[in-house]
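Order of writing sets the labels: A, B and C. Residues in every chain begin at 1.
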Amino acid sequence: MNFNITIGQYYPTDSILHRLDPRVKLAASLSFIIIVCLIDNGFGYAISAAFIAAAVWASNVPVKLMLRGMKSIFFFIVFTFTVNIFLIPGGNILFNLGPVKISAEALNTALLMTARLSIMIFASSLLTLTSSPIQLTDAIEYYLAPFKKIGVPSHQIAMMMTITLRFIPTLIDELDKIVRAQKARGADLDTGGAFKKAKALIPILVPLFLSSFRRADELATAMEARCYRGDIERTKMKQMKFGMQDLYAGIIFICICSCIIMANFIF
Amino acid sequence: MQLQLDGVNYVYSEGTAFEKKALGNINLNIGKGEFVAIIGHTGSGKSTLIQHFNGLIKPTSGKVLFEGADIHENKKLLKTTRQKIGLVFQYPEAQLFEITVFKDVAFGPLNMGLSKEEADVRTRNALEIVGINECDFEKSPFELSGGQKRRAAIAGVLAMNPEILVLDEPTAGLDPRGRDEILFKIKEMRDKLNITIILVSHSMEDVAKLADRVIVMSDGHIVMDGTVKEVFREVGALSKIGLAAPKISYLMKALKEKGFDVPIDIYTPNEAADIIYNLLTRQKSKSGGAK
Amino acid sequence: MDIIKINNVGFGYSYIDEDSNKTMKTETLKNINLNIETGEFVAILGHNGSGKSTLAKIMNALLLPDSGEALIIGLNPSNESNIFEIRRNVGMVFQNPDNQIIATIVEEDVAFGPENLSIPPDKIRPRVDSALKNVGMENFALANPAYLSGGQKQRVAIAGVLAMKPKCIIFDESTAMLDPNGRKEVLDTAIKLNKEDKITIILITHFMDEATLADRVIVVNDGQAVMGGPPKSIFSQINELKALSLDVPQITELAYLLSEKGLNINTDILTIEEMVGALCNYN
């Protein structure tokens, strides 16, 4: 089994994007993704794409690495494009491929969807590539904090995310070990129909769940031993700081977004 | 030779930034009925090596031969080899998953395509060998004590009737009683079942007690291969690669340096006691005679 | 002064008896008595199920006694307002290195304790830096703990405890899952903290060689402290230890075998040097 989860993994280096306040980055990526989903105009997409390209350049993350991480999603983009182009009916037939007719509407929608998806993926991976998981959870905790009053456990959500991120490599490692151990006992994981394959997962999943529960239990004890009691009077070593560069970045971002939206209305 | 490794090299994540040579030019012959210990510190390649034995890892180059046949020649051969070379991983109790101990141990034999009756017989035998009482057969494996769980997991591999049993750190994390029970059972398996046993261990004392032959791994290579006496004699060479010989070998060496006439290839308290006793009483009778 | 006093403490875990369907309690600790002095290095031995890990959890108020009294740094854990003061002062390093690290970056994990103690942010940073330095992990401050060795992970866990500035650290089988090198890393750190920083160390272990390094050894069996004293006096009682399914260090075993054969040799020999000395001066 091969586990490839390089997509969106934090790439530690120094760049303007890395230094920005994660709260700014999180808000910007989210609003950017929403805007890209709402517009349907070629100029708007051109500006968005140019902006993303500039951001990639500014992030100091090697483009090759970014693209490699997206390999698995590339299939999804191609799939979306194909489905759209073949399945959307339309009157204005551009050309025929045997029995399949491709209309101008279909091509238009397919291109639009592909552009949206690609820009969304680039925007979100830029966020995760330039902000450490801890920074991201801190940002999420910050934005959820106002909802604490209505019962949203913002601190608990952030803590859960941190612990999940912490244990992903450990559990992948563990999964790999269990697979090997069961293979050594003659488990056949590769052949047979869907039912047989699903059944073959039991000897893998049961031990994995059991060990996760045990880990969770031990971790809870360890956290208690280190005086954890939720977010009661909890402080943070690393404070998020909103500085001048964050202000400039925010202003530039708002300007660009305004251009994109205006392009949508004008053209 | 029962198991033979011929110029085996293994490279992790070949062609990526994480490329790492894990094994380099391993040549190894293990004969039927041998008790071989593999020692080396973490990262020396021991775990990678033993996973080559039953084909869980395919060598980047070189061959693994079981009874003369290349185990990677075809899928069928690979499958039968995996049954004949049983591999018990570290902390094997982590793979227990069935509702009862008995069912869990029967998992391997049933995977081999044996009939239920046949699998039952083997399961029963295996549990008996590792010393799990019949009254515990229908218990959940998770109700057993730490040492029992470990032994049940070993039975799960043993029930496949392997001709070679490979154990990776079988005593890790157990208390002294659990350790002794497992070691005793391993010794018994070798004596009664007459199977080849390959033991990976950090405990030089255990190795000294059980094994006939010791293979020392360092940095992906076999750096020493010889009888227990031959290997533990090389205290200096061992410490250079971050390993220690059993405590008693250091004592014997220190005594020798002090002028005592003792052999230095001794590594268990019992042997040492005999030698020191004989030496001192002889000395005494000599000096007594002179008086 | 005693940093920990355990007087007649009883403790049991609740479980449901299958036959009667009633809630029952185990007898894990049976009126156990022991004291740990400030600055001591104590090893606790006992086979699995003897109650030693439960004892450790009583010592830092993760569990509260059912009966009897525990006084830790002079405070009674039964009073809830004392619990955090006790946990801050009596830190614990657990067995599985993977299951006690919370953050994805070493220094953030070390900061976890002080953050829980409401220490102001600018005061946490120096604590984290000095704790990491103390365990020799300062070069790994920004590393991901998942990719460290077992011994390194345990040293990060120790740093996490140190950042709370404790008076006492309990190692609950912290070396059990490590290789010999990792074990040495952890032990050397424990000894250094005891000698240089005067931190009381309680080492729970299955490795007899580790226990010989302590000032005092306590043997726990069936919920009670059954033996106690300096390592020499404990390990020379080879038959008693074997009866409790415990080992003795190999050199001590040799001394015992020699005296069994009738040689006039002390059975409290622990190290190679002592043995060589004893044999050189024989007669």
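Here is the rule we use: a residue touches a chain if its C-beta (ideal position, glycine included) is under 8 Å from a C-beta of that chain, and two chains touch if they have at least 3 such contacts.
Given the structure is predicted, the values throughout are model-derived calculations rather than measurements.
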| item | value |
| --- | --- |
| Chains touching both chain A and chain B | C |
| Chain located farthest away, centre of chain C as origin (C-alpha) | A |
| Chain centre separation (chain A, chain C; CA means) in Å | 43 |
| Approximate Å spacing (C-alpha centroids) for the pair chain B, chain C | 30 |
| Contact set on chain B toward chain A in their complex | 51, 54, 56, 79, 82-83, 86-87, 89, 92, 94-97, 107-108, 111-112, 142, 156-157, 160 |
| Residue numbers on chain B that touch chain C, as the complex places them | 41-42, 145-147, 172-180, 202, 205, 242-244, 246-248, 250-251, 254-255, 258, 260, 269-270, 272-273, 276-277, 280-281, 283-284, 287 |
| Chain C residues within the chain A interface of the complex | 57, 60, 62, 84, 87-88, 91-92, 94, 96, 98-105, 107-108, 111-121, 124-125, 128, 142, 144-147, 160-161, 164 |
| Footprint of chain B on chain C - complex, ascending | 47-49, 95, 149-150, 176-177, 179-182, 206, 208-209, 245-247, 249-251, 253-254, 257-258, 261, 263, 272-273, 275-276, 279-280, 282-283 |
| For the chain A and chain C complex, residues of the former touching the latter | 12, 132-134, 162-163, 165-166, 169-170, 214-215, 218-219, 221-229, 233-239 |
